[in-house]
Amino acid sequence: MKRIGIADTTFARVDMARAAISSIKKEASAEIVRRTVPGIKDLPVAAKKLLEEERCDIVMALGMPGAAEKDKICAHEASTGLIAAQLMTNRHIIEVFVHEDEAPDEKTLAILANRRAEEHALNAVLLLFYPEKLTKMAGTGQRQGYEDAGPIEGSSGGHLGH
Amino acid sequence: MKRIGIADTTFARVDMARAAISSIKKEASAEIVRRTVPGIKDLPVAAKKLLEEERCDIVMALGMPGAAEKDKICAHEASTGLIAAQLMTNRHIIEVFVHEDEAPDEKTLAILANRRAEEHALNAVLLLFYPEKLTKMAGTGQRQGYEDAGPIEGSSGGHLGH
Amino acid sequence: MKRIGIADTTFARVDMARAAISSIKKEASAEIVRRTVPGIKDLPVAAKKLLEEERCDIVMALGMPGAAEKDKICAHEASTGLIAAQLMTNRHIIEVFVHEDEAPDEKTLAILANRRAEEHALNAVLLLFYPEKLTKMAGTGQRQGYEDAGPIEGSSGGHLGH
Amino acid sequence: MKRIGIADTTFARVDMARAAISSIKKEASAEIVRRTVPGIKDLPVAAKKLLEEERCDIVMALGMPGAAEKDKICAHEASTGLIAAQLMTNRHIIEVFVHEDEAPDEKTLAILANRRAEEHALNAVLLLFYPEKLTKMAGTGQRQGYEDAGPIEGSSGGHLGH
Amino acid sequence: MKRIGIADTTFARVDMARAAISSIKKEASAEIVRRTVPGIKDLPVAAKKLLEEERCDIVMALGMPGAAEKDKICAHEASTGLIAAQLMTNRHIIEVFVHEDEAPDEKTLAILANRRAEEHALNAVLLLFYPEKLTKMAGTGQRQGYEDAGPIEGSSGGHLGH
């Protein structure tokens, strides 16, 4: 049975992992392993440990960076670390970050965070079980949490390489 | 037979991979392996997996970063990861990023994206099959998607080192 | 017996390690190994040596970056290195940085530094001994040194993944 | 016989490698191996392949980043990769970047590019054959392409450590 | 006998290594190995080679970045590389950078550079021979080249962890 790791934080103000896990369970049969760390800078090693020590096949890393300049730099450092962790393990880590200043108020922020977690959970499932479905969506302007941008008119959607 | 990997995204609004693959097929006889991921930050590991697990000889990584400051940082993180992936594998990954704000309107953006993908596909073919042809073009101000800048007058084009 | 490493600096103007160590000793039975370096850019390798040469199970890295732009870049470099050290060892390093410009005066800065060190010491203890307790706090807006932001109303707190 | 690798780009508008190679040949007896890639972000792996697959003892990486903000970030990514490639191989890679906005006009830019390539070619030769000569020049404000800044008066030049 | 590596540049306008070496010799009995490179971006691999090929126990990396924005980025790249080199070797590299714009005039800059080199030489000696002395100075606001900031009043100095 495939194993999906979930790494999240106590810093976030929304339990995005709950939304992600619920979404995964609707779409696929997989074992979930969850680890929670204090902040987003703790996520890279948490994700790598899930991949290597807990033998997960893919990991979702969920976090909610603050709105200050200092927080933007934290998010950049965490993202850089998440990419490095993927390169060290040859496994995908789906980063699901929602910046506190992406929404005009708390309620909208919570909705955005949960929707993004759910839609990226679907991406994790596709990467793990149905990668060819992603190729069918290539170049179609998918967004997570927001409305899709869609493909530019006249440039039709993805197709398989073979 | 040489293998060329194509990594692209569902986030992009143009199916740049289609243009790249079509261009490769005109120029060379190579097997194409395509993998599509959600966004540009997923490209580094996708490219590395194509090189290591799918035994590709070179990879093209195609993406379309958004226009916001946050998207610029994403592109920087992805580029850094693509360079790291190359250093870990001793193989080239041709990055083909088209920023959403590089063109004044959607139609021009789509044309630019397809042209850049096609011209970088040619670069991938040259790197893989005819590297000495690139040396003949050294210092000649080549651009992909835009008109070439050309060499500065009086500073003549490249020549072989031997 | 578990070993907790403490890496701190002579540059900092508050002995944050003292506060951290005192806090750890209240919460857990663990051996403490402390190493002090000149500045925050010396912390990544100090932390890695504590993990690898002193066989620590987790490390706290405490520092106080200055307020100038140059100091912000130093902090960014140190943080990037701390994340890399974690990825190379598969162990957590809890970064406890207090920026000199986070408080309006020296006295408040000292209080903030000590509180953050104490609260992150608790995080280190939780990661090491009671990781499931962190999951119960997932998404609840925890802050270290400042008052907690709390969860966004209507988005209830964390729960275990199983 | 020592081997010097030359990595350059088709993006540059001046054939800096020609100037570098000519300069090396005047100063030393070494085999030159040249590889040309599309842009500066392709240089790190090209340089690493020259060091590892072509057994070069040192590499010069020549490029001409554009003047736009996006190009500055490209240069930063390339430089970071070149440093990583050196750390992975324990060999020097001399970066010779000339930014398009370093000169007021094209003709001056070409002169600057060729001079910098020539002067850094001399640095490569010194690092490879006469490292102690560099120590004699320590702290003397050497510049490549521009006039030397010189040592600050009263702080005399370098000497050997032994 | 312990070995201390010294890596410095021809770009710097002050022979900071001379000051550092003189200071080391007053404080400790150690063999000095010095290597000079063109600029600060050449320091990371120079330092790593001193650690690995010359079997140094610690390295000082001395440089003088210019005042322009481009130079600040160079310094950032060099610092990042120095931290990576430390993580790859589990040895300390003491970075001693003096920015050209840190002092109002050349004479003051030279004095600052020499003082910082000397004071960091002492740090290198402490790290290598007397690490416990650094812990006694933890949190006391030490500065190199400038007057010490000192501890914040009421937050007393460092003490040993045991």
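Note that the chains take the letters A, B, C, D and E in the order they are written out, and that residue 1 is the start of every chain.
By our rule, a contact is a pair of C-beta atoms (placed from the backbone, for glycine too) under 8 Å apart; a residue touches a chain by one contact, two chains touch by 3 or more.
Just so we're clear, the structure is a prediction, and the values are computed from it rather than from any experiment.
Enquirer: Give the chains in contact with both chain A and chain E, ordered by label.
Expert: C
Enquirer: More than half overlap in residue numbers between the two sides of the chain D-chain E interface, or less? Answer same or different.
Expert: different
Enquirer: Which angle of rotation, from 0 to 180°, maps the CA atoms of chain C onto the equivalent atoms of chain D, to the nearest 5?
Expert: The superposition gives an angle of 145 degrees.
Enquirer: Could you please state the distance in Å, as a whole number, between where the Cα atoms of chain B are centred and where those of chain D are centred?
Expert: Once rounded, the distance between the two centres reads 25 Å.
Enquirer: Just give me the whole-number Å value for how far the CA centre of chain B lies from that of chain E.
Expert: Centre-to-centre distance between chain B and chain E: 40 Å.
Enquirer: Would you give the residues of chain D that are in contact with at least 2 other chains, written as numbers and ranges?
Expert: Counting only residues that touch two or more other chains, chain D contributes 80, 84.
Enquirer: Graph of touching chains, which shape: line, ring, star, complete, other?
Expert: Ring.
Enquirer: Output the circular ordering of the chains, read from chain C in the direction of chain E.
Expert: C, E, D, B, A
Enquirer: Under the touch definition given earlier, write down the residues of chain A that touch chain B in their complex.
Expert: Chain A reaches chain B through residues 72, 76, 79-80, 82-84, 86-87, 90-95, 99, 120, 123, 127, 131, 134-135, 137-144, 149-162.
Enquirer: Which chain A residues qualify as touching chain C in the complex?
Expert: Where chain A meets chain C, its residues are 6, 8-18, 21, 32-38, 41-42, 44-46, 48-49, 52-53, 70, 73-74, 77-78, 80-81, 84-85, 88, 106-107, 109-110, 113-114.
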